[in-house]
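In what comes next, chain A is part of two complexes: it sits with chain B in the first one and with chain C in the second one.
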Partner chain A sequence: MVQFVVDVLIRAVDLALIAIGLSSVYSLIRFPNVALVQYATTGALLALGLQMAGLPLVVAAIAACALVGIIAVVLNVVVFERLLRAGSAIAMVGSLALSMVFSAIFLVTAGPRPKRFELEINPPLRFLGARLTEHQLISVGISALAIGVFALILFRTDLGRCMRATATNSVLASATGIDTRKVTNTVVFLSGVMAALGGIGLSVKGEMSAQLGLDMLLPVFAAAILGGLGNALGAAVGAVVIAAAETMVTNVNFGPLFGESVLFIPAAYATAASFLLLVVVLLIKPYGLFVSEVKRV
Partner chain B sequence: MIRVNKVRAGYGDGPDILQGIDLTASGGEIVTILGPNGCGKSTLLKCIAGFVRPRGGAVEMEGRDVSAVPVHEKVKNHRMGFVPQTDNVFSTLTVADNILLGARHLPVAERNERYAELMAQYPSLASKQERKASALSGGERQILSLARALISNPKVLLLDEPSAGLSPLMMHEVFAAIAEIRDRTGMCIVMVEQNAFEALGVADRAYVLSLGKVAIEGRAADLLADPAMRHLYLGGEPPAAEGKPRFAAV
Partner chain C sequence: MFEFLIHVAIMACLYGLLSLSLNLQVGFGGLVNFGQVILFGCGTYGAAIAFSHQLGPVAGIALGIVFAVVVAAAFARLGRNLGADYWGIATLAVAEVLRILANNEAWLTGGAQGISGIPLLFGDMPRPMGPLMTLGLCLVLLLAAWWLCQRLTTSRYGLALKLMREEPQLAASLGYDLAALKTQTLMVAAVLAAASGFVFAHYITFVGPDQLVSSETFLIWAMVIIGGSGNHLGAIVGAILMQFLFAFVPFVKDALGLPSEYVAAMRLTLVGGGLLAFLMWRTQGLIPERIGGKQNG
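Now for the complex of A and B:
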């Protein structure tokens, strides 16, 4: 049971980092940016490249996160601001196209074979009977901290108040003296940083491939939609729900249920489980688990 | 203070909604913009604020051409306040956050002082400071929006139908408050209104728009007294002093 919780947390934090970014940016510019998952891969590959160039992993990770944040802002200004003038559907298709371009770049620069960070291999730690490695612990800790910092920014700072104001009513926000474009680009920067951190976290705990981002696409969207698109903290909870569903499918021995000693569901069904869950929840609560605002009639 | 010079404007590829509007407003005066639904009153106000970019002509503030200056910069550089006709509160934020957002660029001490003043002025908000704005009534939102604009002590205040949805009593209070602000601060106030009699009662000057042009302009008192104006735009006789019900055509 403890192992289950640990596994869910390990999976959930990185998912949450990307999903929170997706949801926050959505709240401001009203389209889900598919390319965000590719920012995660970009972050992981950049960190790996910088580590191979001789930087310590921590420095490489910080630099990679900052770089991805900048890339996210540049793409927002150069590509998405223009596409959005034609409508959010166009912008979403554009972000899909951009994702394909990213995939091609990853294949050309990093090749098709999976890679790993250079990490010392330590024996796993034991925690109340659950196993987890030191790297997993540190990575989960950093990601959880990042989520906490983002929540603090959102609810305790002027930037956060401006963000929520712009998300609620951008016309009124500018009439109140808020530079909504600057607020949006700051959030886009943060979403890039968080996506990169999520990608690095995922790669520290497993392998990194050019597919990393696209593999995350469905669970990240499921988490963000479950949480109610545009609701940042809802996305974090959505990530936990999705991670729990996935972990359930892959890690739980269903054998005893059917009178057999061992019966695992193939890991390939993990995504299917999260989607089944998503569809069921949306049928019951079409605006996600948490509706941030009472709909006025 | 504000000078609108032969402004033409419209939305997207659409026709000109404003077809060459001239308007001025100075400090210490209330200028009201009247006219039938859809004649372009809100568009003119959005043009002055900067939400709609003029296609021709210019908008000046304090002697400078601000036609291309973004709204948020005008709010800071020209101390402009704007109360839109609809969606005039941040519904997901609390009443207190709504108001304080309006004073982001003030020093904390001044901000708190102004906030306390406003709370004393509008008791209906004071009792609901921690409520979400989405939980307010239409009239309370109207007051909240006014308070959000006023907390920064603006020099220029643009109001789009501040009396919409208010009870007659509340409407008189709001108009009295607006007149009081003008007298005390010398603010330049431009106010779009549907309640023409009441608006002319507090305003110094008025513009009546019709089909994207200024049809009548003049001193508010003169317009109130003008029988033609009364017949065409105000829908008959002014309300009797005893306050018997009036059914005005717009």
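Now for the complex of A and C:
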């Protein structure tokens, strides 16, 4: 049971980081940015490149996060502000196109083969009977800390108040003197940083490949939609639900339910479980579990 | 070289069908379908499953159309009360779940190896005639589909679709049943896509889950947007253009002496970059939609 909780947490934190980024940007500019999952891969690849250039991993990771944040802002100003004038569906298709260009860049720069960070391998620690490695512990800690910091920014600072005001009513917010464009770009920067951190966290715990981002696309969207797109902390809850569903499908023995001793669902269905969950939730509660907006046609 | 050109032309026609089908949904109905490839997959697997159960090709096309219509009905049920962005993600999720199913349920679909040995449609003809006959059949299908789409969209029905795209609330207030409109559009589009899949299965003689990855959907999207969404001729021109560009990428790679991952990267750049460029600078595409009643092309 403890192992189950630990596995869920390990999976959930990185999902949550990217999903929160997605959701908070959505709350401001009303379109889900598909390219965000590619920012995660960019972060991981940049961190790897900087580490290979001789920087210690921590410095490389911080630099990569900052760089990805800047890339996110530049792309928002150059591409998405223009696309959004044509409508949110156009902007969404545009973000898809952008993420394909990212894939092409990854293929050419990093090659199709998976890579790993250079980390020393330690024996796993024991925690209440659950196995986890030191790297997993540190990475989960950092990601959880980042989520906490983001929540603090959102609810305890002036910037957070401006963000929430802009999300609720951007016309009124700019009438009261809030520079909504600056607020949006700040949030886009933060979302890039969180996505990069999530990508680095994922690849510290496993392998990193050019496919990393696209493999995360549906789980991240499932988490964000479950939490209600635009509701940043709902996305964190959504991530836990998705991670729990994925872990349950692969780790739980369904045998006793069907009168057999051992019955496991094939591991390939782990991702399918989260997508199915997404579809079912959309059927029952079309705007996610925690809705904060008026229903549209 | 001649046979290669015929091959490219056949593929261009099959993609032209898919592009017409997506154009009907996106260009006219404003339905952001990111699961288009699975409608095509219904056609291919319909043909393949009929073949592996020793049923004739007539059963194959019937099976494919039934599959496709069922999936389209599911998409439409999901889309009944979802915003465009949510629905796009939901269709993507459904398509992925179905692809994972096809990949794992080996008793029905042959699993990852797929089903091979599906007979050619004109297999008993001498060598250059068989492909030529297939090309003829594809052209006839494409023209028939074009005529059908043209008839549909120049009628009052087409105007209702456009009204639904532009002003859904107004359309609802005028008494149009939006849910029924969406369902009918999706079903017509699904039949076109399934027909394309059926011919594809009998031409390539192999059907597998790798043909149904979501990047295929985005390729069809690129065809529609670059050709001109809301214009049937545009959709066909986009398909032919992209297909011929794709076919010549390997030659460019050989001429420049690049490694083989550049083929994938160049194709991704063509699709993603082309899509993005058109969205940003020429949203109406190569052949813009014509506004107006009867002359509407």
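Keep this in mind: the second predicted complex is superposed on the first by the 283 of 297 C-alpha atoms of A that agree within 3 Å, B and C clash if a C-alpha of one lies under 4 Å from a C-alpha of the other, contacts with A are read in each partner's own complex, and residues count from 1 in each chain.
Note that a contact is a pair of C-beta atoms (placed from the backbone, for glycine too) under 8 Å apart; a residue touches a chain by one contact, two chains touch by 3 or more.
The model shown is predicted, which means the values in this text are computed figures rather than measured ones.
With both complexes placed on chain A, chain A has more residues touched by C than by the other of chain B and chain C. When the two complexes are overlaid on their common chain A, residue A:Gly21 makes contact with neither chain B nor chain C. Contacts of A:Leu278 after superposition: chain C is touched, whereas chain B is not reached.
Within the superposed three-chain model, A:Gly160 lies out of touch with both chain B and chain C [touch as defined at top]. Of the residues of chain A, those at positions 296 touch chain B in one of the two structures and chain C in the other.
Put simply, chain A touches chain B in their complex at residues 158, 161-162, 164-165, 167-169, 171-180, 292-294, 296.
Of all the residues in chain C, the ones that touch chain A in their complex are 30, 32, 34, 77-78, 81-86, 88-90, 92-94, 96-97, 100-101, 103-104, 168-169, 172, 178, 215, 218, 221-222, 225, 261-262, 264-266, 268-269, 271-273, 275-276, 279-280, 283. Taken in their complex, chain B has these residues touching chain A: 49, 51, 70-73, 75-76, 82, 84, 87-93, 97, 101-102, 104-105, 132, 134-135, 148, 152. On the chain A side of its complex with chain C, the touching residues are 31-32, 79, 82-83, 86, 88-90, 92-94, 96-105, 107-108, 111-112, 217-218, 221-222, 225, 229, 266, 268-269, 271-272, 275-276, 278-279, 282-283, 286-287, 295-297.
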